[in-house]
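Across the two complexes that follow, chain A remains constant while its partner is chain B and subsequently chain C.
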Partner chain A sequence: MERKVVYPHLVLPYLLLAPQLIIIAIFFYLPAGQAVWMSTLLQDPLGLSVRFVGLENFEIVLSDPAYRETIARTFLFSILVVVVALVPALFLAIMADRVVRGASIYKTILIIPYAIAPAVAGALFLFLFAPSIGVISWPLRFVGVDWNPRIDGLDAMILVVLSSAWKQIAYNFLFFLAGLQSIPKSLIEAAKIDGANAKRQFWTIVLPLLAPTTFFLIVVNVTYAFFETFGVIHSMTQGGPGKSTEIMIYKVWYDGFIAQDIGRSAAQSVILMVIVVALTVVQFRYIDRKVHY
Partner chain B sequence: MAEVRLNGVRKVYAGGVEAVKGVSFTVPDKTFCVLVGPSGCGKSTLLRLVAGLETITSGDVLIGDDRVNDKDPSDRDIAMVFQNYALYPHMSVYENMAYGLKNRGTSKADIDKRVKEAAKILAIEGFLNRKPRQLSGGQRQRVAMGRAIVRQPKAFLFDEPLSNLDAKLRVQMRVEIRKLQRNLGVTSIYVTHDQLEAMTLGDMLVVMNGGVIEQIGSPLEVYADPASTFVATFIGSPPMNVFPVSVDGAGILSLADGTRVGATSDHKGDLLLGLRPENLTIDDLPGATFVATGRVALMEPLGAETLAYITLGTSGPEIIVRLQGHATQPPGTPVTVRAAASAIHRFDAKTGRKV
Partner chain C sequence: MSKDSRRLRPLRAEGTPQTGEDTMIRRTLLKGVATAATLAALTFTASAQTRTTIDMWIGVTGPAQEQILGLAREFNESQQTVTANVSFRGQYPEQRAAAFAAFRAGNPPHIMQMFDAGTGDMFGLPRATIPVSEVFRRAGMAFDPAQFIGPARSYYSAADGTLNSMPFNVSTAVMFYNKNIFRAAGLNPEQPPRTWPELIAAATQIRERNAAECGFTTTWLAWIMLEQFSALHDLPLATEANGRGGLSTELTFADAQRAQMVQTLIDASRNNVFRYGGRSNDAAALFEAGTCGILLQSSGGHASIANAMRTRNNEFGVAALPHFPSIIAEPKNGIVGGASLWVFNRANMSEAEIRGVAQFLAHLARPESLVRFATATGFLPATQAAFQQMQASGFFAQNAGRDVPILQLTRGTPTSNSGGYRFGRWTEIRDMYHEEVERALQGQQTAIVALQNAQRRGNEALRQFQRSVGN
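Presenting the complex of A and B:
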């Protein structure tokens, strides 16, 4: 039963919310509003002539087959990142949950990657998978895999997915572990007495009880894949080879800051924002209802 | 349907703590056995050993004729009701009850029949589609019971199932559990720290303390003839009065301050004397063996009866006397406390065992 508590203050609640609201206003609403405004303008690289063009930028961007490819690529990339970031994290959490001795050491080791900056993570993976000197690509060639992310688009995609997801595994691990530890032991014991083997315990008890955690992590990881993977991609492939690892956020930056087409870059950033907002709304409206018990 | 036998069962935890120190007893078929003792006495551990949720360090557990030491909980054919009910929160009441049957590959029609039967017995038919969080404590308790009975196991194990309920509901569920067990005739082991629950539920009481059994017997045997001061003070409310007396050469018993108490003993060495509050009186009692003077310290009227706290002799001990009806002597009133010979329990002062 939820009970609503009504306080008779009028100003205090707003005052208490103010610091957060101000930060959101300055760092989110203001730039977002600016992006929307800029997406309706056509300006030259030096900003000397500015012309209002309405929705023309959107028309041009959306009718560009290359941009549609980027959207498709971004979805594929995000799905891969989410899966690669969640599944191993859950597996590690289950293993760490069973450890009795030295549990905190394992946990610390598993959490450390989260403290590494995206660009550093990118550089790290770049070395590991460098075609000629990488400690992973070298044995790969030995077993006959022709690994070269600098030439092969698929290899490049695998590389950015792995390095983007790797960082997130630590974060997801932490939440999964907390989720696992909040499942009462007696439930697992009851399931044992009810004749469920380890596999059935996992699929019918543990996983459904982790559903709220998983849901939360999917939302966070999707957002991460859409926005925060810029650093990884920029430091590793710069969207290449060709355009094979160029995702939407990278193209926004590239078209705006390298190609100097501010209007279309802004239009893309608005589209990206709309997509992520829509995804989040869908997740909350339809999945949220099913996972909370 | 089967008897449950324990032979010298011991449990030593990894840290070296010996929770159960060699326990042996047999619960005959269809018997309701209550394991009772203070918290930390090893009763819950013992139950978990029977369930298979803990590994046995040494000794044997037999259910029916099967030695189940090395069997998984699921292969022991037992059902357990947990203290916090342990209902699966994401499943409906129906699914909760069906889960154990489903895991064992029972046919859908059979599951449906059994779940509905159990729901009818427990009067939870109206809640089958609800989730556990939508139920009250008492209803959850019923679902937990339902989950146990649909399985038709060889034995029920209860781990303090009533301790999360309020007082009124606890009394009601207690009666229902007893009736249910009688009707189903399933061997049951029930763990509680509540001596009242133990007295009212059990066919057989196993009183535990510090990992060992203090006494085994029917509730009334244990009440009437406690084997040790521990059992004497644990079973019964208010507890039995136990106080030290010295024995002189002629076998006459007296309190620490020299007040004689009338009773005699041929025991060598000091004694602990046990007297139940309900066996004592401050009125005249012809043929009383225990006779001691004292003063009223406090009277506690409870309605139907009155508890009198009386300081024996000049300096104690303070004992409780249970009086019928209302009595209102003011503090300091001199009284004579009496009890019949049959009501006197004598324990060795050193070992606490009955002599």
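Presenting the complex of A and C:
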């Protein structure tokens, strides 16, 4: 049962919405529309010769097996980033929730990484994991791991996933902690009285009640993995070695700025936009139903 | 606090409706400020009334940037008519993206510094620029392209001898080696390897005697292992005289010789005889830190290496790039790298602007400018006159190894394979080579397959470029 509120005015609501709508129009619809238009053009790097080619750019991009690999890689990368960013964050939040003394100090320390720009996070991890001089790669060599992200695609992938997720852990931690604190203590106490152990309390009470938070964080983290990880990849691996860390957003930038092929780059950004919009719709339509608020 | 911020706000947000009293005060204040500003501006422009401003965008940092800014300052003080306004707009690729965007918006800089690999793009877009030779002709100033050293001139000239862009920071790739590591490995530090078999033997010995963590490494993989390698061994990169004959050029570098080079790197990767240090400049750090005994790198990196070696108390030597005697007995000249200066064809450029551009370019090409630039950076003197001046002053005698790159560039008679190349989208094609060779170094494909893939993808890019410029 929903109650509908009906406003007597027709103009006022739109007037109140206007500032937000104008901002969205200028900063989202206009550039997005331009990208769609440019994706149908073939032009030289300086825009001296511009021709309408219809869907040719999409054909070229989608028929390229390397690009299809990039799409698959982007999904793998995003799933890994989301998992690596959510699981430790939940663990840390549960731990922090139990701390009584000096809780705010721990919380502050755990939140700090969120204030760091992705590119800076990339640079930090690059130093930590640099072959032969890195603080982490040095001991790795002693235990017999031949760590070299410059030439080993798997090492490079691990590196960009870790550094992309690391920054996001702080953000997720914050939301999980808030979610945990809003779980009524009486429920936990009731479970304890019924003799449920910690594991059972977590799976049957805490996790279901955290579902709305988790769902929200999945949406936010997927978007982060698709778009904002550009800085990490640009500063660490430039998509290499080979193409092993090239994700869609990086290739959009590369084809537009380095290769100076505006049409192909625009076509890719349209494809990227469609994928992310579709993902978000799917998440809201199907996962949302399973979440109890 | 809130009172203060209200007082301050009107100055920033001009035109926002205010209460009557506030507005009055604001207007009077603004008027006063405006009058003072106009007066100051008037007195200032009175002395500089006739000055034409010339914008130049550059993409270099460190000593090279300081030198160019210094030359511009000196130029501005030396005369009354032109002000050269040099600004750094990010590293080469970012600066190029910025300049191209400015061109699309109808307001490009007068001059831009374009790196070697972008040369083919500019040649493919003749309407966008004015050849340097023509700039001087229109300015009524004498200009002889022959003043520039041969390999640089041929790299930036059209078939009819017109110099399209002015060579400025010229470099080539050479071999640096650490003499201390050579001694520790029982190698003769005064006898650097001249050929690839010798280099591999030396690097292997460095590893066997554990004199360093790795034998050799290289920067700029495609530039050194494909472009310089092909010029040295007199092998064509593509049809149509390496692309200088026209946009229909097709890459032909996937052959046994180029594969032998890649295979040599793959084989040497075992036991760290060779260590891959990334696509661009990063491998230089491996040499500077004493991790690798030998480095193949741009001569432009000389100053930085010399600094690092001094701090480490190590001696280093410079030698020509190695070659395969099985492919060529006497290696040809190397090709130039670095960047050149292009003049954008701005809409409605006045005669004064053309003259200003020509005067500033002439100032940069003076022997004394180039000598100072080359001395401070490790780049090569771009003109014969500057080279001779450095020779006469005894610079090369005092600075061992600094003449190696210029001798390597100018040795022998250049062939159509060693006189440079010209391809659209070469920046991207270089990365295709990087990607494919990296996959070969990971053991995912053989050397020849890597080259075939790079060649096929490169040719697709060339065709796409040809179509995009409307040919």
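Note that in this section the second predicted complex is superposed on the first by the 290 of 293 C-alpha atoms of A that agree within 3 Å, B and C clash if a C-alpha of one lies under 4 Å from a C-alpha of the other, contacts with A are read in each partner's own complex, and residues count from 1 in each chain.
Heads up, the rule we're going with is that contacts are C-beta pairs under 8 Å (C-beta built on N, C-alpha and C of every residue); 3 or more make two chains touch, one makes a residue touch a chain.
Please read these numbers as outputs of a predicted model, since none were measured by experiment.
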{"item": "Superposed partners chain B and chain C on chain A - clash or fit", "value": "fit"}
{"item": "Apex chain A: angle to the C-alpha centres of chain B and chain C, given in degrees as a multiple of 10", "value": "150"}
{"item": "Which superposed partner A:I205 touches (first chain B, second chain C, both, neither)", "value": "first"}
{"item": "Superposed model, chain A: greater residue contact from chain B or chain C", "value": "C"}
{"item": "Chain B versus chain C as contact partner of A:A196, first or second or both or neither", "value": "first"}
{"item": "First, second, both or neither for A:L187, with chain B first and chain C second", "value": "first"}
{"item": "Chain B versus chain C as contact partner of A:D261, first or second or both or neither", "value": "second"}
{"item": "Touched partner set for A:G231, first chain B, second chain C, both or neither", "value": "neither"}
{"item": "Minimum distance between Cα atoms of chain B and chain C in the superposition (Å)", "value": "41"}
{"item": "Interfacial residue positions of chain C with respect to chain A in the complex", "value": "93-94, 96-97, 100, 103-104, 121, 124-125, 127-128, 213, 269, 276-279, 286, 289, 291, 425, 427-428, 431, 434-436, 438-439, 441-442, 444, 461, 464-465, 467-470"}
{"item": "Chain C-facing residues of chain A, complex", "value": "42-49, 51, 60, 132-133, 150-153, 238, 240-243, 257-261, 264"}
{"item": "Residue ranges of chain B touching chain A (in the complex, touch as defined)", "value": "51-53, 72-74, 78-80, 82-84, 86, 88-90, 99-100, 103-104, 131, 133, 147, 151"}
{"item": "Interface residues, chain A side, partner chain B - complex", "value": "184, 186-187, 189-197, 200, 204-205, 208-209, 211, 293"}
